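Both complexes shown next keep chain A, but they swap its partner, so chain B is in the first and chain C is in the second.
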Partner chain A sequence: MTEKLATKRNPPKWSLWLRGLDEWLLIFQKVSGAILAIYLIGHTLVISTALGFGHPSQLTWDRVIGLIEGPRVVGVAHVGTIIEYLIALLAAVHGANGVRLILMQYFGLGLPKPERRTYPMIPSPRKSPQLVYKYLVIAVVIVFIILASYVAFVG
Partner chain B sequence: MSSVKAGLKLEVKRGTFTFRVKRYDPKTGGYRWSEYKVEVTNRQTVLDALLKIKSTQDATLAVRYSCRMGICGSCAMIINGVPRLACETKPFELGTDVITIEPLSNFKPIKDLVVDMDEFFEKHKSVKPWLIRRDEREQFEKLDSYYVQTEEQLINYLEFAYCIKCGACYSACPMVFLNKNYLGPQALAAAYRWSADNRDEGYVLRLKVIDSDNGVWSCHYSGTCSKVCPKGADPALAINLLKKSLLTGKPPAR
Partner chain C sequence: MISMVAKSTLMKWHYITGLILVVVLGIHLAFRWPSYEASIQWSGPHGVYEQLLNIGYMAAIFILLYAATYHAMNGLRTLLLELHQGRYWNTAVNVVIIALGIFIVIVGTVALVGALQVI
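Then we have the complex of A and B:
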């Protein structure tokens, strides 16, 4: 048997990407973005149907929205409320992290100036300004979860 | 001198570690795991252990190395799940009895732990990582003046110049895994290193490669490249500074 060069690359180490805050924010950003894009299509279709595609009437609105909202589950929350609640959480993660990325990449928020370094070298994603902004994103999301839970389930 | 020596602790610890090595077989085109038990001291590195395996247990084990002191960047491999230099990692400092060693991911394997770096170096070359001057005659023929550089101007790019092209960042990057044509953290850091050099005038020429889908815009900032860099070169910072210059339209500070 002759030896031949491999055409496929070595498989990645998935565990390497599941242990850092940056990596998790990246995963959340991508997954929430995809789900939100799909949701947007569904949302537009539902609202358009409920509005009778340009011929709005109270009857179609009530019927379509009633069907989508579904039965009551907990307190004032319908099935539709829970879906909206989860979508709002994804939007909170996507928005808060997105604002952080835009501010960092456009305005250089938290990017240190290159400097003469000595060992042990700590990479910029692990140093204080950037770390603070990442924790801020998490804090914003937690505050949002509390507020959203109140609105959705308590009233 | 003698007092300094007296203060040093010269305690040598010995321990036996199991090395699980993932090996690529070019004849079958598949991978297999080999296990070796080796006794090492707390002064020895993973590379020393691999060379010991090679000389005493299994001569067919293929490893690439050159300087053994973290300068050449030949011996990068995935040790316990993280891309590191085998010559800078000590088995005693890893904290596990079983040490897993794998070839670098995102690279094509050649044999065992040796990977094909051609694509990586091609991408590095594509960003023109050399000094570009407008006047080539003055640069190569009429050498009658020096290109002056101050300490502050040096520091603008110095940390990115520490790169030894070992491929650890390229192997760790999730975006290189998702987009095969993405230049990778190393090439983009090299592009920033030369663009931020005050002697260089080639930033505009590099833009075509950097400012593309396979350039900085494939980076979604997972920061893994900077975390695994054995030289602390921080490629993620270089890529973000490049994005900032592209978005604001200002060339890198120099």
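Then we have the complex of A and C:
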């Protein structure tokens, strides 16, 4: 009689996905993409309504945009300005991180070459080409925040 | 319906439209310079009327509408198919996504073409 081997089933764990920056960036890319897709639908409908669905006039534009922008909150910025600022920021991070993912996943740029495993092992996401990508994403986003903050709150 | 197109082709266009969007969305956001509030007023040197008269900017807006719709709808489709799988679910997702995409493109095109003809 053969003994049934006791096997323990290991269910997938969240910690497997949420253990590093790369996993977080991938999750961010998907969540921000969903938010931006929903925003695109709303933005297209609002601007099309403001343009009178092909019959534009200043009266229609002012009425619809005035309604959407809402009351003034900080300096020259309205409620709508702050929402647009946050959406633009989300789009900037999504775009910068998206270009990083395209260069890596589609063109294979910056991927490490196969090598012998020797101590101390450095995980591939922490190797220099991929770190450079992430620093570039951070730099692009910082420049965008400075320009967008000026346009939204000062200009 | 959507299975007539290879998944790799859909994703290749997802990446291509992503790169196009970096350029055209950059142009769209650059037209908010130097003041967001001034750029959403109807009149004025940076106002909406002036933007509608700028043919180069309007060409970028048309490309933005089509590229963003494809990119967003394919992204949503991928996300929904990763969350759950099933024969009816997959068909429902594809049908809803295609219908939504066509709706956005038609609404946006009608508004933009009409605005160009009047102005």
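As a working rule, the second predicted complex is superposed on the first by the 136 of 155 C-alpha atoms of A that agree within 3 Å, B and C clash if a C-alpha of one lies under 4 Å from a C-alpha of the other, contacts with A are read in each partner's own complex, and residues count from 1 in each chain.
Operating definition for what follows: a contact is a pair of C-beta atoms (placed from the backbone, for glycine too) under 8 Å apart; a residue touches a chain by one contact, two chains touch by 3 or more.
Computed from a predicted model, the values in this text were never measured in an experiment.
**Student:** Name the contact category of A:Ser124: first (chain B only), second (chain C only), both, or neither.
**Tutor:** First partner only, chain B.
**Student:** Considering only the touch criterion stated at the top, classify A:Lys30 as touching first (chain B), second (chain C), both, or neither.
**Tutor:** Touch partners of A:Lys30: chain B and chain C.
**Student:** With both complexes superposed on chain A, which partner does A:Ser149 reach: first (chain B), second (chain C), both or neither?
**Tutor:** neither
**Student:** Go through the superposed model and pick first if A:Thr44 touches only chain B, second if only chain C, both, or neither.
**Tutor:** A:Thr44 sits against chain C, while chain B stays out of touch.
**Student:** Applying the touch criterion given at the start, work out whether A:Tyr106 contacts chain B, chain C, both or neither, answering first, second, both or neither.
**Tutor:** So A:Tyr106 meets both chain B and chain C here.
**Student:** Report for A:Gly54: first if it touches chain B alone, second if chain C alone, otherwise both or neither.
**Tutor:** Once the two structures are laid over each other on A, A:Gly54 reaches chain C alone.
**Student:** In the superposed arrangement, what residues of chain A touch both chain B and chain C?
**Tutor:** 30, 106
**Student:** Could you list, by residue number, the parts of chain B that touch chain A in their complex?
**Tutor:** Against chain A, the touching part of chain B is residues 24, 26-29, 78, 81-83, 102-110, 115-116, 155-160, 172, 174, 177, 180, 196, 220-224, 226-229, 231-232, 234, 236-237, 240-241, 243-244, 247-248, 253.
**Student:** Quick check on the complex: what are the chain C residues that touch chain A?
**Tutor:** 12, 15, 18-19, 21-22, 25, 29, 32-38, 40, 42-43, 48-49, 52, 65, 68-69, 72-73, 75-76, 79, 82, 100, 104, 107-108, 110-115, 117-119
**Student:** Please output the residues of chain A touching chain C within their complex, sorted ascending.
**Tutor:** The contact residues of chain A facing chain C are 30, 33-34, 36-37, 40-41, 44-45, 47-48, 51-56, 58, 61-62, 65, 69, 76-78, 81, 84-85, 88, 91, 95, 98-99, 102, 106, 147-148, 150-152, 155.
**Student:** So in the complex, which bits of chain A are touching chain B?
**Tutor:** 1, 3-13, 15-17, 20, 22-23, 26, 29-30, 101, 104-108, 111-117, 119-126
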